[in-house]
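Chain nomenclature is as follows: A, B, C and D, assigned in order of appearance, with residue numbering initiated at 1 for each chain independently.
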Amino acid sequence: MSESNGAMIEMIKVSKIYQPDIRALSDVSVSIAQGEMFFLIGMSGAGKTTFLKLLCNMETPTNGLIEIAGRDIQKLRGKTLARMRQKIGVAYQDFKLLTDRTVAENIAISMEVSYKKPQHIKKRVRDLLDRLALADKHDAITGELSRGEQQRVALARAVANSPTLILVDEPTGNLDATTTRRVMDLLTKCNHSGATVIIATHDDSIYRDTQHRIMELRSGKLHLIREGLPQ
Amino acid sequence: MSFWLAVLRQVARNLRQTWPSQFMTLLTVSLSVLIFAFFYLVYMNMLGVGDKLGDDLRLIVYLEEEPGPEMQEQLRRKILAFDEVEQIRFISKAEAYQRFADQLGNDRDVLDDMPRDFLPASIEVVPLKNLRSLSQVKLFSDYLARLPGTLKVQYGQDWIERFYYFTRLLSIVVLLSGGLLIMTTVFMVSYTIRLTILGRQAELELLRLVGATNNYIRTPFLIEGVLQGILGSTVGIISLYTLFHWIKLRFSGPGILTIFEFSFFQGPTVATIIFISVLLCTVGSYLSMQKFLRI
Amino acid sequence: MSESNGAMIEMIKVSKIYQPDIRALSDVSVSIAQGEMFFLIGMSGAGKTTFLKLLCNMETPTNGLIEIAGRDIQKLRGKTLARMRQKIGVAYQDFKLLTDRTVAENIAISMEVSYKKPQHIKKRVRDLLDRLALADKHDAITGELSRGEQQRVALARAVANSPTLILVDEPTGNLDATTTRRVMDLLTKCNHSGATVIIATHDDSIYRDTQHRIMELRSGKLHLIREGLPQ
Amino acid sequence: MSFWLAVLRQVARNLRQTWPSQFMTLLTVSLSVLIFAFFYLVYMNMLGVGDKLGDDLRLIVYLEEEPGPEMQEQLRRKILAFDEVEQIRFISKAEAYQRFADQLGNDRDVLDDMPRDFLPASIEVVPLKNLRSLSQVKLFSDYLARLPGTLKVQYGQDWIERFYYFTRLLSIVVLLSGGLLIMTTVFMVSYTIRLTILGRQAELELLRLVGATNNYIRTPFLIEGVLQGILGSTVGIISLYTLFHWIKLRFSGPGILTIFEFSFFQGPTVATIIFISVLLCTVGSYLSMQKFLRI
């Protein structure tokens, strides 16, 4: 099969137990192809965020194997790990923005660490802010934005460095329908230009009519993977 | 060299954005250097003062009889057995009489009727001019008193003895204060640095998550550490120098300057102090940071 | 009219300008009756959170008058202000939870300040956690909960002290449909027992079929107030 | 009294949950009290030492002629015009001769041929035994030398003069160190408290938002301040007492104990130190908190 060759993510029997005994994930196996868009759904507390944290190496699995682009991420250290992380863009559910910096600085940070040119950074930041209807917030202090604006800044930072893997955790929780559409357009565009996109969400409006795969977690267990509706 | 560009941009931004806490750290470092260098200076000068005060210290050992050359050699050996000394001089009865006569000056005719040998022969012992031998002057004198043929040992006044005890006590006080202070200082600097880094924990963590290498994260902090070390210690030393001059001016009455000669640090000492501050600041930030980089 | 007599909130030509020149609200006038349930909608950045912050005295209006239960809240100071705040429960959009305390402690805090009895507090906390499907998280550290769980804890704290005015900012942004229903049930129950409830939200599923009034803000201006659909 | 119950519950919880930073503050307070009290103790004992050392200080004013009772009165008035003194004694030529003879002991027959008045008359002035007059001994002697009919003024050795300068220098050093340290201490304690409160800013803000009265928020902090002040200063003073005993033991050789008599603080001084620490801690937390309560 050509899929195993082009797999971006390979997860085999992965479990995660938080101290002392909270089973956040049990025996999840899934394979996600390069360039795929993938939805992750489930009730609050089902383990979606834990799933994403394992992928970006923020948490280590208690059991099981996780491979990204063919490499066991638990074995990565130092520079290799840093370079891998530069290729993964994550929009965290709690944003993790630097609240005392400007919006532009927050977005630029993910490009600065891979030594992009200042002119390039500036252009990219403006472009992203335009797309997300935040053009007038370029120099605003991030902590003073409304919650929905912050959510979009977090998303912009995740995609800014054109990563090959984009993990998005509840990207539209604080957004109205119009803004949600803008966000989804941006993610679709990233996906079309080759990035693998994984979206954890509750908002059925964004996955209801999708032709992509949807995985549902139920209290840490893989409940079902639904193939997308045909276009 | 995009790495260095990025790092320098980071440093500039950090200095701009976190200057209040940077200033706090700077103040802490300056104060610490000031305090430490102050105590070191006091201690150094105190040793010098001991030196001066001991200048005309000599122990005079009065002898029962005029010693022959052989006897002199033996006495000299015995004295050196206790400790090294600066000088040992033998004074015969005749010399003693001559000196006394010179001291009396115009009244020397009082002595006309005295026999030329009514004053005893003696040995003048000048101890080494360092605090250690000064502090042992009493022991030394007891030792000399037990030498064969010794009539009596004299060394100025009780004052000297008291002064030595006092100096010894003082040096303990200075060392203790210094110790306490250095403890406080180390505690303070490390605490301040730790808190500064704690305040930027969110940033450090984010940098790691977006894939910054450890060097990228660490270098700006180290550069800030170096800057703070250099600036802080320079400010501290300049303040000390100002203070030093103020004291010197206050004490510039003709009476004292002749006794005490204060001296400031030499160039190499200053350089060492600055170097050590830089080292401490850098190592301090490095260690505090290491904790967060490992997460 | 009896309504002006029973008005819980009276807002007259209220504007809020954030430094230096961000017009978050302009000339909003609205009157909300005692015991009403009231929805506040609008795009991200429209001024919903600002509206709620003005009501709970976290921000002061640049212009205009705000009366709660007949009293000008800008004139309240010290103990009177504190007592007024004990009667207002707020679920903040950014939760404002003490992340290093347990869930129970976080919920208890709003009751402790008005010197409720420990037994009463314990019982109320258990009851609320049951209602919000968090019974097993009673002693969990709040910072370690999933985002949706935190959101429910924030809501529980807001209603715990049985306040007469409940302000809820985006209560279901991180919640799935089932949990959303539990939250809305709780709020409805509070409303039935007499509390005035104001809900700022983007989630049209919770206000689509409501019989309550809905106010829409558009970039700080009152755009329309829609009377609820008849039951 | 649900208020006090709630407040005490808060205090207990805070102590349990934030003990690392509480411990830091405690350490800071202890260290500060230790340092401050140490310097105060050194200064106090130094004054006592000066006292002892000045014990046998006397200025001897040699006069041209034997002063009559009238002249004596006049001289006495002039001396007192400069400063109060402990004692003024007039020594006639005859007395001086007698003393010299006594000193010579068995050799007194040397004097047999001398006239009874070959030694000059003199005044013995014993200055007050406090550091101020000791430090002025040189000025005093210059003043006495300018009195009419004075031949020459003598006051022991150069030693005394040097010692006085030294004492004066020392007192400046101690005061300066003390000043520096107290500065550092105040800076440190206030910084630590500020940071502790900053770390709990979220909690304070939340309490305000859920309708806690200012007293409800403030009282736990004040109680913590009081506890920290009491504990911190007690620990500091106990450490100092231990240190003090150690020094005393080290110096308990028979030679010195007779010269220096160290004494520790009296009860009231200890109480004052504890009281002041409590006050500072409380006022410190109060002020740092005030900022957040006003938001």
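One rule holds for everything that comes next: a contact is a pair of C-beta atoms (placed from the backbone, for glycine too) under 8 Å apart; a residue touches a chain by one contact, two chains touch by 3 or more.
On a predicted model such as this, the values are computed, not experimentally measured, just so you know.
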item	value
Chain D reached from chain A - shortest hop count over touching chains	2
Euclidean distance of C-alpha centroids - chain B vs chain C, Å	68
Centre-to-centre distance between chain D and chain C (centres being mean Cα positions), rounded to whole Å	63
CA centroid of chain B to CA centroid of chain D, Å	23
Averaged-CA centre spacing for the pair chain C and chain A, given as whole angstrom	30
Residue list for chain C, restricted to those that touch at least two other chains	none
Topology of the chain contact graph, where touching chains are joined (line, ring, star, complete, other)	ring
Set of all touching chain pairs, with the criterion as stated earlier	A-B, A-C, B-D, C-D
Touching residues on chain A, where the partner in the complex is chain C	18, 41-45, 49, 93-94, 144-149, 151-152, 170, 173-179, 202, 204
Interface residues, chain C side, partner chain D - complex	56, 58, 78-79, 82-88, 90, 96, 98, 100-101, 109-110, 112-115, 157, 161
Chain B to chain A touching residues, read off their complex	2-3, 6, 9, 13, 17, 202-203, 205-214, 216
Residues on chain D engaged by chain B in the complex (per definition of touch)	24, 27, 31, 34-35, 38-39, 42, 49, 53, 56, 107, 110, 113-114, 118, 138, 156-157, 159-163, 165-166, 169-170, 172-173, 176-177, 180-181, 183-184, 187-188, 191-192, 195, 243, 247, 250-251, 255-256, 259-260
